[in-house]
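Next come two complexes, and both contain chain A; in the first it sits with chain B, in the second with chain C.
Presenting the complex of A and B:
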């Protein structure tokens, strides 16, 4: 945004008022932390102890309002819809469609207002009642401003229809006062007006209208001069009003809630064919007359005035300052951008104002535990910094449940945010390991393509197996597929399980070859060889000879390697292996191998089939 | 509009020196002159003490959370010359490593971008910076840069990870060649940029001179995908500078004065999308700054400590759902 005209807002944090204490600060992903401290470390802790409180503060608290939530949700739908139909918006229908979008936004605001009003009425304590009521006023102001912007910028009503729109505008927002004179000032004449102008399907030109109006005006004037209403001061006053007499109008000030009501009424009776570019003259004078030097314009007045002056940037700027969240300016600016009304304003953060505001709004949504999903779509439609903003924010979403994690991952994968996917999978893998959910940890590491972690988890699986004699998560290991190749240890785990399957299916020869290849191919960790050799025992004890002489020699060699404790680089120390390989086990294995060798030699020596 | 949404009573018995939110904003770590480090669960506006960690023998100056992919790990540094790394194992927090390689108070700790591995930089009043790298199975490798800053080093901050050269997908599983860099600020009034060479040694790559007194803090801004790099620095001289380098290859840094304050400026930190800079000053305020259209830095908010009622708002639905 451009320079601020005012001083920045000061937020006071309660605490011990001390001359010597400063504030320490940290950014959270959504919130901020402050606490009292003394930075000058040289000073000793004084007699006055420090304040032990940490204050967590948040910028966009509106995000947590239950009722506004509907506003955010529904406007999100309208926003996305608008972005999507952008290409289809052509020619004459374009304006009509954009107006429709604008009306949709406004109806959402009104619905929210209504609900907020109900809440105010039903409020149990006066404080929250007041809170809700003030929210209603804010929403009402927002709708007022939006409506005016719709008329002036989107509808772009020309002279003639312009006044009718303004009348509707005023009636909608202001004439909720039920009083007879108000009716006169507001509704009665417009209906006469409408029939006078014979809308819709009005085929008269502006000049024709003007002439007609002039005629009528002169007639009124004549009646006044002639004293037709002399007997009734009431009717006389009415006539003066209808002639646009400002003084007469101002006399009814209490019925005119505000200056823009005054403005429109004035225009109705004195300049019904006012042109858009002339509006601001009347607006300014109306404001001045109405306030009468007794009070100064409020922020809302300035915003409306800026709109009458067709200064869109000023409208947006003032709204940004006056409103507590970015919802309004983000959506309105986006819509106006679609109307091609914003000049490109080069900003460092966001190449134009639309993007800047959308980024601010979307960032605010990420502070909420479920509204962040809406924020994703907003970032998607910010071509410059949307993607990187999304990357930075989405990593910070707490992955409190598996569902949430999967949701986040899906969003990242859809957008090819591979770094984020990897990072999130790693985090989940780590979490799973800590909670001893090895299967989960393994599938996350595979998804993260994290070889190191996969090795770690595979090791855990193997260790578990050694301790308990069975595998957990068999399904997962059995169906690893090509993912098995991610790490040697993982491959070993997969193949080892396959060995067990072969054995279970009595495919002894396959099991035997696999077992041997596991040992000779170096993918079996050395510390596991004892287990593997022990696994070979049942195969060696089978009635039929399974291991060939060659294979048996290999196994023997492996056994002796192990027994001699020859250390292999990177593997566990020789000493530990020695301990593992107790003598009894060693003897059993040697015996079994020897016996098998003997039988194998005999078998191979004999003729086939004999 | 800023509102206090939660007040955490840490029950620290002495001055709090640092408070840090974890990655997700669900936990808070604090450290104090009472020599303890405390961890709180602050979800949904609550506060539950998770751990009260003792181990330091002097005031603890800073805490830093590691990236969650390495588990729940917290580092703390203290006047007692030690850096302790704490880890949550099976639901309890314990000391997992202690680094005693400094001769004087350790003032600042900062974890490197997770892409580099688990690496902690520590800056000390003995002028040295040490780098602890986790190598597995409880082992940490130490590299030390002696005399990084004469008199003392007050702050360290890592540069965001950027893959050099082509940013297109590396073949999966292969670690890209990151150029690791970090910035440090010291009592020699300088900011120094350090780079890891191919042989694993750290070399001073640049000196940034602009301050006229001790540099108290440096903060390297997160990357938002632009080729520009940005560093904020603050000093005893009351100045805050924003340093920018438009092109990595040219490596020329130009400072812009953010503001001259009337008192020492102690800390600077960037919001996670790097668009707001928070400045903590001796004037009892935290000010928030944003860059405006014409490149000027504008103060957008003043968070001031003082007396006054807390402006809590009706925040419906905040306490419940998950």
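Presenting the complex of A and C:
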């Protein structure tokens, strides 16, 4: 077991007396269930009233923040866009595109910060105001780290432009927090150095720049030696600062809010052409000098230091610990992975770091009642375990309305998850049957191409017909269309209804041949044969002869099959059939068939027209 | 082309509707209502689109829509319609139909009337009544018609406590949407690909007419009637297919147009330019179908460049006989002559576009990516 990275936090459960009672718990995907047990450590003489509630404990409360939701949604769009253009990213434009994506992410963070800040200002009670403010500082820290990572890892600024980017970085973050003081320090310097750097054309090599700077530096030094500014202590101090004198800079500590501001100012005046690999020396010494042994580095400082040391894995690890939500590390790691900066660092269960973080983030989204739709796309872009995770998660989404179910089904169908489609459709179809919505049930079984369920629904219809003597939901049965072919029973249902229609329209010959084909083609269930034969009676009793001799012989054979109880295809209810036929129906049928046979023979034997 | 303004609103939007303008008004649309879904607490909200040329004090973008007021809604908002200028009717996933009243002076919404058990299931498996989602609502002052997953049709009248008329078991499957044909007649679509026309003047529980899709009985999700020609109806299906029907003739659709790759959630004829049709879908796109023709050499009679929908017709172009009945451009079945221009309006692919509404030059739509898009230059 590895050492703990931090102290575990203690959360008190309201209403539960943890001294007297024991609690039990269970883990969920993003939450924990806790409740009190009746098992107590002391003697069971005292019956303290117990707490009747079950508690849900969530670690990630950010997901439920209204303002942060916008962050999740907008960044989802950027994430999906990045994955989609991945194939098109080639050559020189690749870096520019990736930088643009990074800037997009950052602008989303900033927009969120703005809104959170306004909410903090407008907050009615101080507690929520404080909460908003702390969120603002967390977001600000995130943007700070992301910006630095963009400069060092994505932009990969070489010596020279590196310092310019770092200057922008510091100015952006210092100025927003403490605008008044920063103006004083920030504006003095730019006027000196912007014109210096604003050389015509960027064709100067690093050495030329370095020479020019040396020259200027020496001139400054000469001024200091000559005592040009001796009259004004302020100007002298300024000159020392411009020479990069650390002591002079440290005197202005209150104006420099933090050690990285100190670092960049120091670099500006002493090593403006610093190379990226040398950064961490200056960073470490700046941190030490600035803190001066009075305080120890905070988590943010450690993260920035790791970035200066170009230790990406350490950056990600520290961020994961410091932040309560996987959003930041998941998106940053994904972007860095696109920059091909992460070696395939296999973790304990086989996937790489990017995939691990994305899976964690997406699972967190699925624990949310609404944001699960975003999670789907994240799983899509996890090649090893994404699909399996999605399959497990998507079946567990509660389906309160058909519209939600349709969206979930569409997600499954687009990814060829046929098992999940079947299982969801089956659940919905069962619910529909229970609510007596047979049309809906049929519609679901058609969607899932579930022949077994279609048979079940058809049986229900047939049973209703036998009980009531008429069909319910004729609009459905009359309009089955190609769906009729889904199951034999369904086909039978449709055809049987057609038979009734023919009879109603007095198309007796059609009705007769249809009836016969229903019996001989074996799609009619045996238990229904009695009904079918009974339906044949009115046709047999018609004035004109409808059944031919061949057809009559067929009917007689079917009747005798039934009567003798010969189980043709292993039908279970042979006993009941026997009882059914025991009554007079058998006699009536035999008589009717015999009479029809007689008439048919005569008709067929006679000449036409006689 | 169209200039869309997007805003993320921290709730998945299920319905968006423009507030109707007073008749004869020359203003453009200003206010729209939205309903959310799939939240622990859902809201019905009223928004106002910004004025042009105004930068509001918060530093928000000029023209970005702002929230005016909202109110909690029990259950998902399955459908939403403006009853009149101040009242909004919503259909809920709890089977409840609610009328909200907007108070413009203090910008609040309140519940004005509610029918809580408008839709429910009773079946052999469920001993007591259980709620069924109400899936569609349509109003024609003072009447409100609702349909639901229980296959029931209700006719309510504002300020009447009970339903004026209820057709139980009107359909054995789910009724997805409803629209008025002529005032006593309504048209419903269901999940087995059928259109049913009901006449409230008749007694009994049978539809007066049934039309159905040929081929696969794909569920139909949305329906809209042509604003001027009441026999022309458009429906959208689960396979993304757009069907145009003539309810006077036959029982099959007149034309089938392959459109989206997934469920089409809403279809709307433009109320004042009915040659333009708009559809939105689960596949994250919103399409503008332009069936108007602007071919000067064909119809010399109508060569004023005026895009008046009732006058445009392809088949009468060669004839001087103006007595021939004006045929809607949607019903002409010759695909070679009639080219419909289709444009995808949203700037980038997103999650499902659940709802859209058009009024004049303005269009609003809401998505599952928790964003609302508004444009005020549809026909620029």
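Keep this in mind: the second predicted complex is superposed on the first by the 419 of 610 C-alpha atoms of A that agree within 3 Å, B and C clash if a C-alpha of one lies under 4 Å from a C-alpha of the other, contacts with A are read in each partner's own complex, and residues count from 1 in each chain.
Basically, a contact is a pair of C-beta atoms (placed from the backbone, for glycine too) under 8 Å apart; a residue touches a chain by one contact, two chains touch by 3 or more.
Keep in mind it's a predicted model, so treat the numbers as computed, not measured.
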Considering only the touch criterion stated at the top, classify A:23 as touching first (chain B), second (chain C), both, or neither.
first
In the overlaid three-chain picture, which partner chain does A:438 touch, first (chain B) or second (chain C), both, or neither?
second
Go through the superposed model and pick first if A:423 touches only chain B, second if only chain C, both, or neither.
first
Just to be sure I read the superposition right, which of the two partners does A:513 touch: chain B = first, chain C = second, or both, or neither?
neither
Using the superposition on chain A described above, determine whether A:388 touches chain B (first), chain C (second), both, or neither.
first
Per the overlay, which chain contacts more chain A residues, chain B or chain C?
B
For A:77, decide between first (touching chain B), second (touching chain C), both and neither.
second
First (chain B), second (chain C), both or neither: which does A:273 touch?
neither
Between chain B (first) and chain C (second), which does A:133 come into contact with in this model arrangement: first, second, both, or neither?
neither
By the touch definition at the top of the document, which applies to A:35: first (chain B), second (chain C), both, or neither?
first
Which residues would you name on chain A as touching chain B in one complex and chain C in the other?
66-67, 69, 369-370, 400, 434
Residues of chain A defined as touching chain C within the complex:
66-67, 69-70, 73-74, 76-77, 81, 118, 369-370, 373-374, 400-404, 406-407, 410, 414, 433-440, 442-443, 446, 472-473, 475-476, 479-483
Parts of chain A lying in touch with chain B, wherever the complex brings them together
1-4, 8-15, 17, 21-41, 45, 49-59, 61, 64-67, 69, 127-128, 131, 324-325, 345-349, 363, 369-370, 385, 387-389, 392-393, 395-400, 418, 423, 426-427, 430-431, 434, 449, 451, 486
Within their complex, chain B touches chain A through residues 1-21, 23-26, 28, 30, 32-33, 42, 59, 61, 67-71, 79, 88-90, 105, 114, 169, 172-173, 216, 222-225, 264, 266-267, 269-273, 275, 278, 280-282, 284-288, 291-293, 295-296, 298-311, 313-318, 321-322
In the complex, chain C residues that touch chain A
8-12, 37-40, 58, 76, 78, 93, 121-126, 130, 132-133, 135, 149-151, 171-174, 190-194, 196, 207, 210, 212-217, 219, 238, 262-263, 282, 348, 350-352, 368-371
